[in-house]
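Below you'll find the structure I mean.
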Amino acid sequence: MISFENDYLEGAHTNVLAQLVKTNMIQESGYGMDNFTVRAKEKIKNVIDCPEATVKFLVGGTQTNQVVINSILKPYEGVIAADTGHISTHEAGAIEYTGHKILSIPSNEGKITAIDIDNLVRDFYNDKNYRHMVFPGMVYISFPTEYGTLYSREELITISNICKKHDLPLYIDGARLGYGLASYESELTIKDIAKYSDIFYIGGTKIGALCGEAVVFTNKNEPSHFTTLIKQHGALLAKSRLVSIQFLELFNNNLYFEISRHAVDMSLKIKKSLLQKGYKLYYDSPTNQQFIVVNNSKLQELEEKIKFSFWEKYDEEHTVIRFATSWATKEENVDFLIDLL
Amino acid sequence: MISFENDYLEGAHTNVLAQLVKTNMIQESGYGMDNFTVRAKEKIKNVIDCPEATVKFLVGGTQTNQVVINSILKPYEGVIAADTGHISTHEAGAIEYTGHKILSIPSNEGKITAIDIDNLVRDFYNDKNYRHMVFPGMVYISFPTEYGTLYSREELITISNICKKHDLPLYIDGARLGYGLASYESELTIKDIAKYSDIFYIGGTKIGALCGEAVVFTNKNEPSHFTTLIKQHGALLAKSRLVSIQFLELFNNNLYFEISRHAVDMSLKIKKSLLQKGYKLYYDSPTNQQFIVVNNSKLQELEEKIKFSFWEKYDEEHTVIRFATSWATKEENVDFLIDLL
Amino acid sequence: MISFENDYLEGAHTNVLAQLVKTNMIQESGYGMDNFTVRAKEKIKNVIDCPEATVKFLVGGTQTNQVVINSILKPYEGVIAADTGHISTHEAGAIEYTGHKILSIPSNEGKITAIDIDNLVRDFYNDKNYRHMVFPGMVYISFPTEYGTLYSREELITISNICKKHDLPLYIDGARLGYGLASYESELTIKDIAKYSDIFYIGGTKIGALCGEAVVFTNKNEPSHFTTLIKQHGALLAKSRLVSIQFLELFNNNLYFEISRHAVDMSLKIKKSLLQKGYKLYYDSPTNQQFIVVNNSKLQELEEKIKFSFWEKYDEEHTVIRFATSWATKEENVDFLIDLL
Amino acid sequence: MISFENDYLEGAHTNVLAQLVKTNMIQESGYGMDNFTVRAKEKIKNVIDCPEATVKFLVGGTQTNQVVINSILKPYEGVIAADTGHISTHEAGAIEYTGHKILSIPSNEGKITAIDIDNLVRDFYNDKNYRHMVFPGMVYISFPTEYGTLYSREELITISNICKKHDLPLYIDGARLGYGLASYESELTIKDIAKYSDIFYIGGTKIGALCGEAVVFTNKNEPSHFTTLIKQHGALLAKSRLVSIQFLELFNNNLYFEISRHAVDMSLKIKKSLLQKGYKLYYDSPTNQQFIVVNNSKLQELEEKIKFSFWEKYDEEHTVIRFATSWATKEENVDFLIDLL
C-alpha cells in the first residue's frame, strides 16, 4: 500500500547509493579518520560559508540531540525548548537520561519566541532561590518545526540575539533542514542557519541518506575531546565512511536542496488539493508535512487505501492526520492520494 | 532580627536534643545496623498502624526524593508531578540528574487531580508512538503542598485509586507532613497517609529534628538492596543513630503532632490577623505557611523590621511574600509580627 | 597503501550492497517495524536454532555493549569482565557512563576463567560489607577475544555453568563472532554460542556489513520495553531496514560463515609465513588477527610500505604489531605482505 | 559488649554536643547561608593557613567523594586511585554511578606511588587509541589510607609534583585526617595537606562529630555553581548549621587534633601490647587502626567477649581482624582488650 506515513520510508537517493557502491572497496581508516570524512567536512564548511566551523557526523537524530546537548551543557544546566520539541516529546527521555532537565516553553505551532526565552532567563535569575534550580544553559529549536512550520528571518535573528545576550548557545535541530530551506516561504538559507546558530545539524536520514546527520559547530565551539564524548555515548561509527560518503554526494551539485525542493513541491500539491476540496488544515505548513482534520468515517475510508500518520484526536468525531512527502515521493503516488481525498 | 523566613531556622526540639545528649556515649554499629534504628522503625510502624511497612532513614528532603524516585522508577519511566512540586522546581534537577523525566501536570494551588493523572496515562497509551516516549511510572504529590494547601480525604482516595488502576506507585512528599496532619482542616491522619500511599516520607528536618526524614514503604515494596542504592547515591549516614534517635523522640508521646499543632496555631493566629487587617491572601492556607500580597512600600517597611520570604512578583506594585511558622515559633514573635502588619 | 590495519577498512560485501540497492525504493516503516526486520529476526533464530530467542538490531559494537549491559544490570550491579575486554579498555568509559562499574578479572591472552568468576562472586558475598559494594550482576566475555584467542568448548560450558550457579547472565561480545566460529580451532558453533549464553551479539560491522550488530536474547530474557531503552540511549535507527537487510543477506546461504572463513584463511597464510620466517608471535591466534613482536628497525621499514596496527611497546627495541584480515582481504595483498616480511 | 569495631560508634565529642545545645534556638538561614557556616569557613582557612581556599560542608564521606570527584572531572575523564581506595571498594559504585571510571593502580599497603601515576598517564597518551579510552582526570589518595598507613612528606610532595606536571588535580580523602596527622610518625601537618593538594576533606564523622565533612578547595578551584551541584546530588543540608557548628567547635582550641591524638595513643597502646604478646601485625599502622592476623580459635574466643572487625580471610586457619580506636575510646576499654589478647 502506498504510504505517506513519514519521510524515511525508502533507502537512499540513487546517487548516494551509487557512490557507496563505487567507493566500496577503497580501504580507509575508521572512526572519522578516513579521507571521505575529511572531504565531507570541507564540503559542508564551503556550503555553509563558515570557515571557522567544525563538523562531525553522527548516525541519527535523537542520538545527535543527546550527544550535542549533553556535551554543551554544564552539569547544572538544562536546555530551553518548546514543549512540542522533538526532545521534549518523542525521544524517550534521552536528554533527561544524560542528567539534564528540559526547560519547557509553551509553543505556538511548534515555535517559541525570543520574548519567552528572555522571560524564562530573567525569571530564573530574579528568583532568590535560583541556586536551587536548573540553570538555563542553551536553547533548542527545530527548523522546520515538528509541525512543518518555519521561523521567519526576523524571528530567528531575534532569538539568536537574545541567546547571545544571555550567553546561551543556540542549537537548531535540522532533522528536516532541507525541507525547511527548500520551502518557498523560507526566508533563510543554510548560510543563515550557520550564521545565526551556535550549533545545528543537517539531517540526512530524512533527506536522501540511509542514515546520518552532520553536526556543525559554527564558531570554534566544539566541545573538548568531542570524539571521546561521542564514543562514550556509544555513538561513534567504526565505518565513518558510511555517513561521510553519503554527505559528500548529498552536497554534490546541490543534490540536497534539489531533492528537498521536490518533497516540498509534492507536499504543496497535496496541500493545494486539500484546500480545494475543503479540508481543514490543522497547521498551515509550507514544508513537507501536511496536517489535516478529517472526520472519522473519512479516516476509516482512507486507511483502507493508503498509509499515513494519525497525529492526534481532534474531537469525538474528528482526527488529525499527517501526510509526509520526501525526496523519494513519486508524483504518481501523490496523484493517487489526491484522487482518494 | 526575628525571622519567619522558613521552617528550618532553629536546631532541634529540646526533647530531641536531650535524647541525643543522653545516648551520646552508647556504642552502636552504624549504617542502619544500630538498635536505635531498629527501635525507631518499629515505633513508626506502630504509629502508622502498618505492620507490613518497611522504614528507612535519610538525611534531607531532596535526597529522599531523589533516592526514592530513582529506586522506584524503571529506567524508561518518569514521575508524574505537579509543575509546582518541589521536585519540579527547587531541587536543581536532582530527579533528571538520575536519568528520569518529570511528567508535569499543571497544578491548582499546588495540587493535582486524579482526572489529570488519568488523562496523562491514557493519552500516553493512546499515542501510537508511546514506545518513543517516557512511560509514566509513579505519581508524586506533596502533603501539604508547597503552598500549604491540603488534599481532602476524597481527593487523596481518588488519586490513590487511579494510581492503583494504572499500577503507578503513589509517593507522598511529607517534608511538612506534621504541619498538614495537624491542620484543623486536615481530613487525614498519618494512618490514612500510610493506607492510601505506596511510599511516603515523614519530614523531620522541618519538624523538630536537626536533620532526617523517615521513608516508609507501605506494602512490601521496598526496592531490592535499597541500602546499597542509598549508599550508591552517597546518602547512607555512617552514624545512623543521629536520625533514628531523633525520630524515636519525635514519636514519643505524640511529640511530632503536638509541635506540629503549635506551628499551625501560630500560623492561624497570623492568618486571622492578616484577614482582620484586610491583607489579601494569595493562597488560603490552613497549615504553617501564609502567603500574602503586599504593596511594595509595605514590603520595604516590613523588611526593615522582620525577616520573611519573597515568594514572587505579583504585579508592578505588589509582591507575594510568605510567613512560615514552625515547632519553634515563639508566640511573642508572632505578636510582634502582628503588631507590625 | 595496502592496509592490514583493522577489519573495517572497506564498505560491505558485494551481495550485501546489492541487496541494499535492490530493495532501495520499497516503502517500509521504520524503527524496527519494517518487514525486513521481521524476516531478519526469523532468519537469525533459525540459524542459531533457538526458537525462544528474541533479536534486536543495533548499529555498532560499543553501542551494543552499552545498551545491553545497562539494560540487563540492576542499578546496584556491575559487570564482570576481563581487564583486557573491549568494555574495560577501548570504549571511553561507555559502561561507567551508564552508572555501572566493571568488575575486572585479570585475563590470560584475553580470556577469563570460571574459577576466577566463581571466586569473585564468593569473595563478594563473604565480605561482611558487601552491601557497601557493587554487586556482581552479569558476566561479559568476547568470542573471539580482543587478542584473537578462543574459548574452548569446555571453557565456555564451565563459565556458562558457573554463571547459572550464581544467577549471572552470560553475555558474549561477538564483534568478530564469525572470525571465531570460522577458525579451524573453534570447537563451537553459533548454536553453541546461543545455547551457552544468555545474550550475545553477532557482529556485522567487522564482517561484511556497512554497520550493524544483531543482539540475541536467548531465553525470553529481553529487557522490558527494550525498544524504548534503545531509543533512550539514542541508539534506535529510523531506517531499521539498513541493518536488517544486511543481516538478511549475510545469513543467506551461509555468506557470513564463508566470508569469515576467507578472513581466517588469509590470516593463517600470514601466520604460517611469519613462523617460517622466524617471527615471534605475541599471541598464538587462530582467527583473523596476528600479533607479532618486531624490532624497531624492521617496524620502520614495514611502515613505509604497508599499513598495520601498533599494538604496544614490547621493550626498548621491540614493538608488538597487529595484522588484521577480513572478509575483504585480497590474497594478492596478503602475498605482497608476505614478500615484505 | 565493648566494641573496637570501627571509629564511629558513639555520638559527638561533649564540647561539640554542648555547642549544638547552646546555639539551638538561634535563628539562622539555611543551605550554607548561616553565620555559623561563614565563621566555620574562616576558622578552617586560618587553621590550614590558606587564605585562597574555599570551604564547603557536606554530610558524609562517600557523599563527599562522589560530589567532589564528579564536580571536578570532565565528562570524558576518570579518577586515578588505589585499587584499595575507599572509592574503589566500599562505596557501592558511587563514583561510577556519576558516570566516571576509576583508573585503578595496585596499592602497597593502601598507598600508590608517583611513578605509577606517571606511568599510567604516559601509557595513556602513548596509546594511539587514547581517544577511545577514559582520560586520566584527577588523582585520589587517602591520608591516612584505609589500612592506617601514611604517605611520607617526600611521597606526598612527589605525588603532588607529578600531578602538577600532568595537570591532574590531587584530591585527598581525609575521612580520618586527624588520626593521620596526630600520628607520631606523620611528617605532615594540615597546612602541608592544604599546600600539596588541590582538594581535600577534613573528616568529622569519624573524629568527634555526629556527621559532617569539610571540603577544602585550596587554590580558587571550587567548581562553578558548586552549591547547585551539591543540591543536584541531594547533598545540600537545609540546616547547614548542624555541620558548621560542629566544625567550629572541633577547631576551637585544637580540639580536633587533641582528640585525634588520644585515638592514636589508645591504638598504639593496643599495638604495643599486640607486639609484646607476639601477635602478627598485618600492616604496621601508626594511626588509629590495628590489623592483626589471628588463628580462628582465638578469633572465636575473642568474639565472645569483645567486638571488632573481620577484615579478610588470611588462610584456612587464620583471619585478619581490625581494632579501631577513636576520640571516644576509653582507656579502661583498651585495658580490657589488652587483658583479653
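The first chain written gets the first letter, and so on, giving A, B, C and D; residue counts start at 1 in each chain.
Basically, a residue touches a chain if its C-beta (ideal position, glycine included) is under 8 Å from a C-beta of that chain, and two chains touch if they have at least 3 such contacts.
Predicted model, so just to flag it, every value in this text is computed and none were measured.
Chain centre most remote from that of chain A: D (centre = mean of CA atoms). In terms of residue-numbered contacts, B-D and A-C present the same interface, as over half of their contact pairs agree; the other options in A-D, A-C or B-C do not.
Centre-to-centre separation between chain A and chain C, using Cα means, comes to 33 Å. Averaging C-alpha coordinates per chain places the centre of chain B 50 Å away from that of chain C. Each chain gets one centre point, the mean of its Cα atoms, and the points for chain C and chain D are 42 Å apart. Counting only residues that touch two or more partner chains, chain B has 76, 91-93, 97, 131-133, 228-229, 231-232, 236.
Interface of chain A with chain B (complex): residues 76, 78, 89-93, 96-102, 104, 126, 128-129, 131-134, 309-310, 313. Against chain D, in their complex, chain A makes its touches with residues 31, 70-71, 74-76, 131-133, 135, 224-225, 227-229, 231-232, 236. Touching chain B in their complex are the following residues of chain D: 2-3, 5-6, 8-12, 14, 17, 20-21, 23-30, 59-67, 91-94, 97, 205-206, 210-211, 228-229, 231-239, 241-242, 328.
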